[in-house]
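Each of the next two complexes has chain A plus one other chain: chain B in the first, chain C in the second.
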Partner chain A sequence: MTQLVQALVLGVLVGGVYALMASGLTLIFGVMHVVNVAHGAFLIMVATLTWWLWSRTGLDPILAALIMTPLMFGLGWVLHRTVLSRIRGSSVSMSVLLTFGIALVVEGVLNVTGGNVFRSATPEYFDESFVIAGMALPKPHVFGFLTAVVVLGLLHVVLTRTWTGRAIRATSQNHTGAALVGVSAASTAALAFAIGIATTGVGGSVLSVLYPFFPASHYDWISRLLGIIVLGGMGSLPGALVGALVLGLAETLTATYLGLQWSTLVFYVVIMGVLLVRPQGIFGTRLREDVAT
Partner chain B sequence: MSVFSAFARRPWLLPVLFGAGLALYPVIRPYDIYPQTVLLLAFLLAIQAVGWNIISGYAGYVSLGHSVFVGLGSYTAGVLSVRIGLNPLLAAPLGGIVAVVAAVLAGAVVLRTRGHAFVIITIALLLATQVIAVNWDALTNGSDGITLPLPPWSRDIQNVPFYVAFLVLMLAGVAFSAWIRRTRFGTGLVAIREDEGKAASIGVDTTRFKITAYAASAFFPGMAGAVYAYFLTFLNPVGAFNVLGSVMIVLAALVGGRGTLWGPVIGAFVVSISAELATVYGGGAQSRVLLFGGALVVVVLFLPAGLLPVVQAWWRRRHPVAIEYTDQGGALSAGRYELRPRVEPVPVEPGPVQHDVPLLEVRGVTKRFGGLVAVDNADLTVPRGSITALIGPNGSGKTTLFNLVTGTMRADAGEVRFDGTRIDRLPPWQRGHLGLGRTFQLTRLFRSMTVLENMVAPMPDGRWRTMVADARDGREAERARELLAFVGMARFADTPAGALSYGQQKLVELAQVLMTEPKLVLLDEPAGGVNPSLVARLSQIVRDLNAQGVGFLVVEHNIPMVLELCDPVVVFSRGSVIAHGPPDIVRNDPVVLDAYLGEDWSDGASPAVAEVLK
Partner chain C sequence: MLNRLRCTLLGLIGALIAASLAACGTPPSAGGGTGPITIGVSLPLTGEFSQPGKQAERGYKVWQDMINAKGGLLGRQVQLSIVDDASSQDTVVANYTRLITQDRVDLLLGTFSSLLNYPASAVAEKNGMLFVEPAGGAPRMFEQGFHYLFFAQPATAPRQAEVFVKWIESLPADQRPATAAYPLLDDPFTTPIIETMQHDLEALGVRTVYSAIYPPETTNFQPVASAIAQAAPDLVAQGSQFEDGIGLARSLQQLGFSPKMLFQSNAPSFAGQYSSSVGEANTEGVFYTVSWNERAETPLNADFVRRYTELYNNEAPAEDAADAFAAAQVLQAAVEAVGRIDQKALADWLHANKVTTILGDLSWDATGAPQSQFLLAQWQNGRVEIVAPADRATTTTIVHPKPGWK
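Showing the complex of A and B:
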């Protein structure tokens, strides 16, 4: 019984972290209709930079998010202005190929500069746990979850309470309509992309403590994150939350009862099962048919 | 220059010379092991890129995990050779079949709907298969991998048999791809890439087409995988299910030109040989990822169409073809068109022909968008052999009703019967096969296809034979040309549809719908944006076809045309029918005038409009 409850609680904690990582991805898809395959590579890049900072200065890896987030925001902005804006208007598949290329470049640069080795940031609390009612909750997971909740809350406030957020949501719901009422599509897209990439600043910092990683780990991460947003419905933020929780629970439950190595597979089976019943994902809407003007 | 034009006149000459040259090479120099290895790896990449091109080039659904099929083929051969001693070359067809089965299973889940889940599932399929290969020890020997027996032939010529096998598979793969592109199946795939909703409306079973395309794209890579396992003699999960392999496939197809026949082959040679050069003279394996990634970014940004289309465009600029203009005289003066039945009529299931039921019957149909009720408990009947008009103010729900009838959207309540059959739960293409056709308010032709290809894309029925029938030659193409001549567009048969003017596109779209031999055609504003003499011609065409038994349901704002052409007239307002009957009665119905002009039109608010209406 305790084992089950512990697996469930741990699943929620992990799911929260996944939600944080997937939120930026689904935001970028919702606003720009770009499937950012480079999202995982940015996470790994941030994790590597965080590890480097931590090993050089002893700075707490999760606190390093305060440095990484603005850095990634800037990178996202520049990347959109210089590269992604060039393919605006072409098909989604072109954006997939382009961001796939970017992911490989990031992986290659990490390979060449830092070497193809496993890393993990290990501040003193990394193997400690909070013990609550007989359950051991690893401190990194608790801290990661709390960080995720704060960032997701901030993201929610930005999207619903600010003009910028309304512009982003307007653009994601109706491109042309938003442009007609004076929302500049280009700068909104750049902003949304930058915000989406900025979330990897936090996500990657948390990742560096929670999971060992090496340059090619980004394939695992991107397939997990894309799985989450496909499951939840592409472009939907609530969908990303639900998808992330499902993945977190599937992983911890499989690891507890079946063995860790099957957890990815179980998650893919869950995705396939959901898509069989709801091809558009849990919160997804079918694409509108543009029959009329 | 004459050499070039010799090649231009005989498009088959270059491929034949190319194939013959490659086939002769190991005969002339059998002991050149290193160049043979480089070439055979290029063949292997070409096999995969040509396969990839079927689903991702023709149909436009990008796969980022296509190397999974070579991996599956390799493992099939490896497991069979270790467990039961089957020679990997004999296992090759089985490798192809395993790959096809995997593609069908994955495709059946994600390809039923439109959208971007597919690309993600292709990566997931690759990684999930790797997880299985690592953990299913009993079958795959886990991370330790499988060692295959060495080939029995002499070490001196060790690579020649592999070279030949890969070359044969590559040429067979290209021939297969060329055959697909010529069939209705291939035309349908390109139609899906261009406009999936429109493809469904002309009878293309998009789900089946996409799944079949994914399966077809897996077969030759799966076979090649079995041969590759024998060539390597050692397999492990990380090597066999490698993302970088998929990157090379994508890169090869893009560099050469995706969607073209030979582009993926050319690209495979360019990518494979430059990767080899980079490994030998560059930084080795460490910098490979960086190199491929950078190349992918550069190609997407600066050469999105690929090498082959760029060269072809350059060739066309050097050898321009004279531009032709609309044969509007022809369009206006062509005589009455006699409908010709299709060459192979569909076997009709025996049963009572119901002449007493209306052609189309809509009962209590409702569609809500959130709080807005666009179609509200609507009833509508199109009598057999009629030209029924559906008129009403903008926003009254006419186009939505069209979408519900043709299956683009699904109704929340109510039922739709066509020719006695209930159709409201059927997918759009099955409604098309029953004889329901439509045109769109803004024409939706497949812009990058030629006019003739647009004409042969419709699927009049859902049979596999129709799918694999040749689309470019034969009697279907002849019928297409006749119909084009009938609407005055015959001279544009080989023009890309995107180059036509709006009015020309309307004519082609009407002819396109007629290819499926519809019993009922839904016309959405046929006269919108068309010049007056052409409107008269369109009315004449509709009347001619109607006299031969084709029913019409017309949405139109050109009231004079409607009143002259149609009977009965149905008036729609706020999502339901407010009046119907012969044109004379409807035009004097005060309810109709209210709906069009507002309640106080009679107080002199807009007498001019009322006059037009009368």
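Showing the complex of A and C:
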């Protein structure tokens, strides 16, 4: 029983962190129809910067998110204005090519400036656990999860309670309709992209404590995050949350009960199963491009 | 429609013929001439294996620098032609094919990892080119029965932990571990190390209480760690690369379970990257096996370390760099002994002779598998000591049992 509860709780903790990392990716796709393949590279970039800050100043890596988030927001905005706005209206595959290019540049810059080595932030609590009712809950995971809850909550409030958020959601639901009622597609897209990239400011900081990383780690992360948002429905924030929790739980439950070697496979089996029944993902909406054209 | 299909088919067949013709091109020059000797290498400088790939590149370059400073090979300067294969099996095949048939390099040196050396060695063999590789010890490499393939490390993967098993065997019965857990990364290189160890330890009476294989994508090791903690083995022997080695060590720390002996493949050999990731105090007593040691008194080793440090901003060389350097030394020894670049004569010579490298003396069987022994290393007081075999040890102290986590 303790084993089951422990697996469930761990799955939720890990899933929460995955959700945080995937939230920006799905937001960007929802509003702009851009598959941001560079999302993983931004996470690793933030993790590297966080590590650097922590090793120089001793600043808690998760708290470093307070510095990284505005930084990444700015970077996202500039990137959109200078690069991404140029492919507006192009096909999704064009965005994959462009952002893959950005990912390679980020990886290259990290390689040259920071060196091709593994890093990992190890604050005081990195190897400690909270022990509750016989269960050991690793402190970094608990802190990472709590951070994820706060950020996802904030994101939810911004998207549902503010005019900016409504404009973002309106654009994501219906580009033409939003433009008709006076929402500027260009500035909304820039904002959504900047917010999406800003989430990597938090995600990357948490990553730096939870997992060792090196410049090329971003390939692993982007494939995992894409899996999550495909399962949840591309462009859906609740979808990313559900997809991430499914991945987290699938990993821990399979590892505990079915056997370790199945732990990553099961998630992709779930994706295939869901896509067979709901090709748009759990929360995705079917694109009616035949009507639009 | 039918026509188009036929065209496509013909095109495909044409492309296949062209590709196979290119792959079977004649071997390059027999080594005459006075210009530089070119050595073709493909390395994973980007992608998954970029980390060790870059180290291997440095090892080769240090060798090039040192041999050219001494007047070169057979009196000719050596020029490395290094291309990037992005850790891809397809690219590595294309790279070596191009190096051999178009660039017509004089000699080859191997790439990094069994995954890449496996297809690459087949290209070399087909073209009759000597292929000395620094990192690719998976058993299936040597099941190919290749004549031109040589692995320039002391032993293949299955025999890598032999020295650890021998040390356990040498302990008095009451100090040997009674039980053991074997978590294994699903990887052609690490799995055989631990599988052989498990087999040998079971023969010594060490009972297996846990054994499981996890996929390379695994990032969360808490479930593995709690299963191991429940089985409470004396020895935990993990077949790991880097991230998973750190992941399990940390999860065991978070659970507060510290085995009496901890053996990990690869991860602990990452020097400072390992100690900073698991916490320096937590490295105490961790065992691993290694092909090379910075302080080894093998010929040229001190020169290699010094030149590497000079060339690369005072960094210390990694094992992967030393292995690459040793692979180049093997090639050099063969060329100098034969006195000309004749691929078959070079391979024949290596099959019949012993080569002294910075890793120690190396010799090979008919399949190219090396016949020496790895070193048993242990983290002590924040640094790495060689504890066995006795004639290569840097200390007589062995930390056993391992102290608890910090």
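In this text, the second predicted complex is superposed on the first by the 282 of 293 C-alpha atoms of A that agree within 3 Å, B and C clash if a C-alpha of one lies under 4 Å from a C-alpha of the other, contacts with A are read in each partner's own complex, and residues count from 1 in each chain.
Following the convention adopted for this analysis, a residue touches a chain if its C-beta (ideal position, glycine included) is under 8 Å from a C-beta of that chain, and two chains touch if they have at least 3 such contacts.
For clarity, every value in this text was computed on a predicted model and none was experimentally measured.
Participant: Please tell me, clash or fit, for chain B and chain C sharing chain A in the overlay.
Facilitator: clash
Participant: Could you tell me if A:Q6 is touching chain B, chain C, both of them or neither one (first, second, both, neither)?
Facilitator: second
Participant: Pick one for A:G227: touches chain B only (first), chain C only (second), both, or neither.
Facilitator: So A:G227 only meets chain B here.
Participant: Report the partner of chain A that touches more of its residues: chain B or chain C.
Facilitator: B
Participant: Just checking: does A:T122 make contact with chain B only, chain C only, both, or neither of them? Give me first, second, both or neither.
Facilitator: A:T122 contacts chain C only, not chain B.
Participant: After lining up the shared chain so the two structures overlap, which partner does A:Q261 touch, if you call chain B first and chain C second: first, second, both or neither?
Facilitator: In the superposed model, A:Q261 contacts both chain B and chain C.
Participant: So, does A:Y219 touch the first partner chain B, the second partner chain C, both, or neither?
Facilitator: both
Participant: Once chain A of both complexes is superposed, is A:G281 in touch with chain B (first), chain C (second), both, or neither?
Facilitator: first
Participant: Regarding the shared-chain residue A:L97, is it in contact with chain B (first), chain C (second), both, or neither?
Facilitator: The first partner, chain B, only.
Participant: Which of the two partners, first being chain B and second being chain C, lies in contact with A:V112: first, second, both, or neither?
Facilitator: First partner only.
Participant: Could you point to the stretch of chain B, among 9-17, 99-107, 117-125 or 153-161, that collides with chain C in the superposition?
Facilitator: Superposition on chain A puts chain C right on top of 153-161.
Participant: Identify the residues of chain A that lie in both the chain B contact region and the chain C contact region.
Facilitator: In chain A, residues 107, 111, 116, 216, 219-220, 261, 264-265 are touched by chain B and also by chain C.
Participant: Write out the stretch or stretches of chain B touching chain A in their complex.
Facilitator: 56, 60-62, 64, 109-110, 112-117, 119-121, 123-124, 127-128, 131-132, 134-135, 197, 243, 247, 250, 254, 283, 286-297, 299-301, 304, 399, 402-403, 408-409, 440-442, 524
Participant: Can you list the chain A residues touching chain C in their complex?
Facilitator: Where chain A meets chain C, its residues are 3, 6-7, 10, 14, 107, 111, 116-120, 122, 126-129, 136, 138-139, 211-212, 214-217, 219-220, 224, 251-252, 255-256, 259-261, 263-265.
Participant: Please give the residue numbers of chain A that touch chain B in the complex, ascending.
Facilitator: Residues 29, 35, 37, 83, 86-87, 90-94, 96-98, 100-109, 111-112, 116, 216, 219-220, 222-223, 226-227, 230, 234, 261-262, 264-265, 268, 271-272, 275-276, 279-281, 286-287, 289, 291-293 of chain A touch chain B in their complex.
Participant: How about chain C: which of its residues touch chain A in the complex?
Facilitator: Checking each residue of chain C against chain A gives 46-48, 50-51, 54, 183, 186, 212-215, 217-220, 222-224, 226-227, 242-243, 246-247, 250-251, 253-256, 270, 273, 276-279, 282, 405-406.
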